[in-house]
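Two complexes come next, and they have one chain in common, chain A, joined by chain B in the first and chain C in the second.
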Partner chain A sequence: MLRQRTHVTSRCGRVMDRRRSSEPRRQDRVTVDNNNMGLLSDPNRRRALLGLLTRLNAPICVVCYMAGVAWFMGLAFEPFTLRTYMSENAMGSTMVEERFPAGERALATGREFAAHKKKTGGMPVDWLVRTMQARGLEVFTQSFSRTLPFPDENKERYMVKGTNVYGILRAPRAPRTEALVLSAPCNPGDENNQAVGLLLGLAQYFRNQIFLAKDVIFLVNEHDLIGMQAWLEGYHHTNTTGMDWSPLQGRGGSIQAALSLELSSDIITSLDLVLEGLNGQLPNLDLANLFYAFCQKIGVLCTIQGKLQRNDWDSVSGYSHAVQTMMLMVMKQASGRPWGDHGLFLRYHIEAATIKGINSFRQYKTDATTIGRLLEGMYRKLNNLLERLHQSYFFYLMPSLSHFVSIGYYMPAFGLLAVILLLRALDLWVQLMTPPPRTEDGVIDIEQSSPGVLSVLTPLVISHLTGVALYMLPVRFQEMAVEHFPVSETEAVVLTAIAVYTAGLALPHNTHRLLAGEGTEQGWRVLKLVAVLYLAVLLGCTALINFSLGFILALTLVPVAAFVTPHVPKVLSAFILVILSPACTLLFSVFFFQELQEMPVSFQDGWVLYLSVISQGILDHVLYGSLVYPLIALLVYPCWLLFWNILFWK
Partner chain B sequence: MAAPLTLLLLVAVTVRAALFRSCLTELIAERVEVVSPLTAWKRGKGAPAAFSGGVVLTPLIIYLFHFLVDYAEVTFMLADVITAVALYMAVADYNKQVFRKQKYALEADRYPLDCLELIRSPKEMYYIPLKVAMFYLLNPFTILCCVAKSTCGLNNAIIALFILTTIKGSVLLSAIFLSLATYQSIYPLTLCAPALLYLMQRQYIPVNFRRFSFWWFIAQYAFMYLGSLFVLVCLSFFLLGSWDYLPSVYGFILSVPDLTPNIGLFWYFFAEMFEHFRLFFLCVFQINVFFYTIPLSVKLKEHPVFLIFMQLAVISIFKSYPTVGDIALYMAFIPVWNHLHRFLRNIFLVSCVLLACSALFPVLWHLWIYAGSANSNFYYAITLLFNVRNFPCNRTNTKLRRRRKETREAEAVSRTERRHASGTSFRFLQLSYAKQTELH
Partner chain C sequence: MLAGVCFGDEPCLLIPSRKTTIKHANVLIFFLFSQENAGQFFSSGHTNNWAVLVCTSRFWFNYRHVANTLSVYRSVKRLGIPDSHIVLMLADDMACNHRNPKPATVFSHKNMELNVYGDDVEVDYRGYEVTVENFLRVLTGRLPPSTPRAPSVINEQIHCWILPLHSYTVVSYIKCHGGNGFLKFQDSEEISNVELADAFEQMWQKRRYNELLFIIDTCQGASMYERFYSPNLMALASSQVGEDSLSHQPDLAIGVHLMDRYTFYLLEFLEDIHPASKTNMNDLFKVCPKSHCVSTPGHRTDLFLRDPGSVLVTDFFGSVRKVELTMETINLTGHIKQWEESAADGEPRKETYSYSDQLPVSEIIHQKPKQKDWHPPDGFILGLWTLILLVFFKTYGIKHLKHIF
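Up next, the complex of A and B:
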């Protein structure tokens, strides 16, 4: 013990000696540049690391970017992904036997529903109420109305009025504290009649079974998501979007899971699972596992993103198929809109998915009875749940229905991109801390080193004001625009948005010079440091909430943030900057998405589609509270403007 | 100098008034980072006299708001203004003293050559008080606290007044404000050590346990402090007519029954803990706040104002229900030591982490509570990171302590060979401090 202690002290002594001996050397350097002491006071290793990072900054950034993209592309490679597995015990171990027999009768009900729908010219509320009552459900209706901020040209609606009809099947076996939902939208035209028929058929079948321990709510909602929004808000006593709806008369327990059914033909070839919900939220992976397990068991072809799964992962075409599937999921998730009626359930902690029947030219067909059996099986398993689905993943990407990539695997791809921003910020910080070589005049140095708050604050404020304008003006000024220009309301909104966006490019770099005088060399560095850190935090938060959106934005904005200085060739960089701006990213995404869906469009159609995507984005925000439009307008766009500002720093 | 301060106050009040009128108020008032059960305005409003249920405001605050409930917004803005002005005056006074000492030392030619750049020019020091006021008033954390009507703003005002009166050298007022602060939340009790050290330094009483004058001064201060605390406690008793508030306020602070997530370190641990370990770990956690007073005041007895800063930081990290308002108070003091900023080792990293954490708090809260896709671990990870971030100033300080022994050698060396005395930058710091305080 004693020896040990002396050993320790002697080692301490040696350390002290070494430190002392290094003092004179350090001091010499201190006299060379006095202000650089912040770095020199640190241990040698830190200095070496800093030196390395600043010297090799550009190559490291390039390597990180490539590595990030490569990592992301690697995610779709099957050996790097995990096989899906059921995590929830309550759904895993018990087998159920599906006996649903009445597919044909369900289709007949569907045809009857179609006839009544045609007759009333909308939702046949009375018929539905009667039919549901005849099947032994407690039936209630809810009426709602909503005026859109501007006409929705895709779905041709402006002042929406509708009724939801829902029937509650009370659980015979347990206190009614929990519920499951099966919904089918009542679409105009000839669509989705079979889904309503099957829903009613299942209701009749479930009525006679004794195994149910949770209420099952059968919901037919009108005007797809708007109706769903009204019903969910009514069920949970919230009102987040200012919609008018009548309160619900009957309620079940707290909803554990929900499926939305879309079925437009009597027989189908495959079932497609849609997971992407509002703001890129996904249901628990166990719900997808459940669907996949039953499709395997019953022998129904199942797809995700409309893509079948292939077994030849080691071939090029197999890999590109997986990449396509995953990219489709990424694009859909990044759009932040609900891709099926289930999308709004997720906001209320309800795991939900949409199941879509697809009828293509395949030989192998599936009839309504089989789909009914599949749904019965899924509901019986969900009925077994003892607690909410929480065991499996909430953050995942799916390159195929049987494989997934969890957050731990895909976040490094984003992390590698985000690290570039931090490295650039570090580089700028070191540059700012190191004073420029001293001239005879000390005064100039001091002036240069303090760029003044104004020269940084002004561009920040102006670009954010432009962002606020981009957020507010399109909807506010549509009437004025319609009066003065020969455009429809929707066009007016979209074109105003584009106009404000382009006007923003001209605005900031002209005004800050007037207010703050000549910008200094240090000034743009400070501004860029602020902008880079701002972007890093912004993208980080976005990626946590909606990975796909964060990743796509990072892919385009990080290079911009990394290379922009006032000293790069102006015209070329301005061109690159515009190409990589959020609006152009959206334009490319539209084309890319169409390409992925194997429905390529001409430039003309693509442009029309682009305009409609913008109007849909604004509508999604106003109607359902999607966050993508405000995020882009209020935060991402101003941040990008800062870089634009730096490029034209004078 | 009054004009910029007035302008600053106007700007600050305008920002707050604008936010009070906006729709963000409700949103901010619900954020767990901004309000704790101890400071939430909702619990204070219309609170019954009996201390049962969720009410954990001190009786005097409740009594105060009996009258001010209609002018709550003004009161909270006023509290912020008072804090800022008090800090401004305190720092101005403190700077004057520092400058005087520095001048004597310069005249006596006591500084080694390489310390000269640490000497602060009057121009630099001229703006420091204003910067302090600005750091407090325009700090987003303070603004959030004020808009959320967190009583943390009132506590900060009391502590700021305590600092002001201490620096002005008024023993009685210092004791009274300290007792008020203690009455509000127990933790400011630890500030009595720096206050005593400062007042003794000011009255040239040596910190020596064998001297009678030392003990006499402590006795005086303790008498005033305990006396005013006694008055406050009795006053609350007469207001309420019962002692119920003692367990429900101070018991609440010390035994941490409310485990609503916040930016502190307690909730996660105590939510996970087995019940029979609870008392033990309560003691372990609570002792953190009080324990650091002893080593810190031994090592920093020459620099009591720095010690106040350290204590405020320690309190804001280790108290049971911290909010961002507590952090804002100690962050306001950062400009006072701006000549030492170059010695901070990780200032870039630390500010990045602060930025990231402040943004991630609401995001992870959203993911946990609203989206349901993340869980409490995500949020607590950020809480931990945030509190680790709060440490670096402590680290510079431990560094200070560690170097203390070397300083004595360094001082000896500095006399013989001044050019070589400035080994590491911390010795600069130490030397300058040592020289400044040698005057006593």
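Up next, the complex of A and C:
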């Protein structure tokens, strides 16, 4: 039976149609002994199945799309989510005694730090070195410098020079093979002084404890992420972004976990946990669990995405609250930028998170001693780790701090969208395979209708060249743009990007006609088949690495890929296509994100924000190696151009 | 022989020092005799108890397993078993762990009330030496000649504690890694209940024990003794199959749980026992009711010949060396000389080294084979379904399927 099956399959593969006219007898025999064949190898049954799929293609696609969106929205519904729980045995419960007493003294140190910062007009390196040494740490400094490709207008910096100061507290009785990091950025102005004070207070406290089995590195980094990047590269002897930094003089063991502290007021009302790192990477869920468990134990209000968890999941407002929290996480993750100083640790497989102190108008206040105790508890549990955190999930979404959605639950939402692409591809394949209206000589007919390779290859190459231009030109030609137009460098970069993007719309369509003559029916079908499969692979790979980005792109690009043909009404379709293009998706995302954060902006402000988001995206790529900008410019945008091309096929 | 009667286990100290390659059979027979002779003088013959205490888990968060084992070590030592008769296997050194805020201590009670890591803990196998192989070698007496101390001389009465394994039971939702029918050693290997039962049978056949008490504190502990088939075995476990064995005594300063529930209550029970206590095995079975333990402790006595109610706890946990004072002068030198002579020439001793009465296993165990539920043979149902499907397709053909679409 098996032999028969392979025999038949090889013969009734894709040459079946051509053979039908020339070899009627053999065809008959195949049909006869097909009674026991598999579903797809029997041409009759395959035809029935294909007929079904082609006839119902559009409804199935619509249903899949709706189901995908519904599934995604259902993820935030609490009965469908799982409660977070600690998976790592070594950390176990929150069963430790937190005895950190010196919150007030830490705040005083913070004020002293602020005074010295004001006096030196930057990072008080000498004072920090002295203070850390007085607390019994091994203190080292690292200087770094970096010139940005164009000025960063958000943070007002261009040529960056700075110094990181870090002190290593050696584990008293253990081999120095592993380390934990506690970092606090030294921000300009009055920000984050309390964090540095608390860091120094904890250093002093930990110095007197003998239970530490890992080195603890206390790091004060200047220029937030740039300083962090320099320090991490120095620590790991890598240089991925061409930054200048002096090598580190002292190192601890391999870093197991890191926390970054942001604290700008003496008392806080809640602590916010930031997880999203570079390229949408997340730390192991156990780190979030640990934070949540200690907040519960010590009685500190804790939030994620600035939102508290609510208990009324069955009410509409409760559900929409969970949806908002989850959507904020999705948007932040999709942006691919590090949302706190911890973001760059994740690249080195170090589990890290940022803890932000928030002081709002609540009655319930928490003082620095309590935060210190919370950090002490977390570090004591992290100190118990025997291996890197790996027991819990790395891919998850959090509708609240106490609930999570794992990859197994959210992936079907994307899968339902991706199935549409495959169904459309199958439909196109069938259309391409069915013989066109029967003429006398079938063979010649097929020869005529099969499109040349060039007619498909030309649009592919041209749209990718446009993508390369979008990737290269904005940064390369900023000087030229500044000379010719009255704009700043940053504006020049962003506007060049938008210009290239728009020019791409005009450029590539119908280019195939230059080489291959008149476009045929078969021609656009082949092109669309290629484009649809390309998009499916592209989105599939993106969603595996960064689900949020993949899902948002799929949400907008899949309808485009599904409906576009040369025969739909041109103007309306072109409008829809532009609305659903990556750039417009980004624009809507900016407004949507502001809406979610309950900080809605006017269109004018939104547009300014949009421009700054583009410049930040390019900067993130150049400075830290974020991959979202190249992904969009080099792959997603060309893919979208292919569909644009199909719409204007002649 | 008489020296054996008068001075308890002293002969066992003499023999290995004089003749290190002595066969175990000889030693065992000797002791068997001594027990029988002792029976004429004392009501209880348990003068020569041995304890094998094993902790198979590593890592700081398994602190409580080491504390469990050390606390039992403390109890049996207090009740009279000397270090020479205790084989202590500890897979990790909690006292010197870097994370221990109180170095050189292992506490078994909250608030640091009881330090079970005293000044005189003799660990026979530690760290990576605690392996399944070493454990089985200790039990069966097949130790390589290089073994430094002589835990090789094992005697009529072993009570074997296999103390906790990887029962990750910090909080109730965490599952156990010591599973149904096996026991983890050090995260890298495990021993199955069948292997363990065979080891005990081997001990029995080699006459390495007279009566044996087996206690295990782990998740699904009852699965470890269900395959035992050797006679004179009594077994206890902290939990039934499908149950977790839970921890007790959380200590915030040390930052871990200090004990497991079952061992905690067992230790409380043993603390009240003194060498002359009359508590029997039935009391031991009741140490940890389900309300205390959360899991259901189990025990097995069907292999044991005597009525557990008549067996004193001290029969196993204690080692009472009876001393009778006499005013008469006994000339010991004569005896020793005689023994030395007989050991030296070897020939005339041979008759005495014979198995006195071997207990036939089949007569001791009046166990019926378990009545099993009848199951169709493997693959039968699968085959049946295949047949049904084949008949169906042969009759109707697959082409009718297209009507479904």
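List of remarks:
The rule is simple: the second predicted complex is superposed on the first by the 593 of 650 C-alpha atoms of A that agree within 3 Å, B and C clash if a C-alpha of one lies under 4 Å from a C-alpha of the other, contacts with A are read in each partner's own complex, and residues count from 1 in each chain.
Here is the rule we use: contacts are C-beta pairs under 8 Å (C-beta built on N, C-alpha and C of every residue); 3 or more make two chains touch, one makes a residue touch a chain.
Being a predicted model, the structure only gives us computed values, none of them experimental.
When both complexes are overlaid on chain A, the residue A:W429 reaches chain B alone and has no touch with chain C. In the superposition on chain A, A:Y85 makes contact with chain C only, not with chain B.
Contacts of A:F563 after superposition: neither chain B nor chain C is touched. Judged by the touch definition given at the top, the superposed model places A:F395 against chain B, while chain C stays out of reach.
Looking at the shared chain after the overlay, A:M95 reaches chain C, while chain B stays out of its contact range.
Touch criterion met: A:G540 reaches chain B, while chain C stays clear of it.
Legend: residue contacts after superposition of the two complexes on their common chain; A:F77 is shown touching neither chain B nor chain C.
Overlap of the chain B and chain C interfaces on chain A comprises residues 37, 42.
In the complex of the two chains, the chain A residues touching chain B come out as 19-20, 23-24, 26-27, 30, 34, 37-38, 40-42, 281-282, 346-347, 349, 394-395, 422, 425-426, 429, 533, 536-538, 540-541, 544-545. Against chain C, in their complex, chain A makes its touches with residues 35-37, 39, 42, 44-45, 48-49, 52, 85-86, 89-90, 92-93, 95-97, 171-174, 209-213, 380, 383-384, 386.
By the touch rule above, chain C contacts chain A in their complex via residues 59-61, 97-101, 103, 168, 170-171, 173-174, 250-253, 255-257, 393, 397-399, 401-402, 405. Across the complex, chain A is touched by residues 114, 117, 342-345, 348, 352, 355-356, 359-360, 363-364, 366-367, 370-374, 419-420, 422-426 of chain B.
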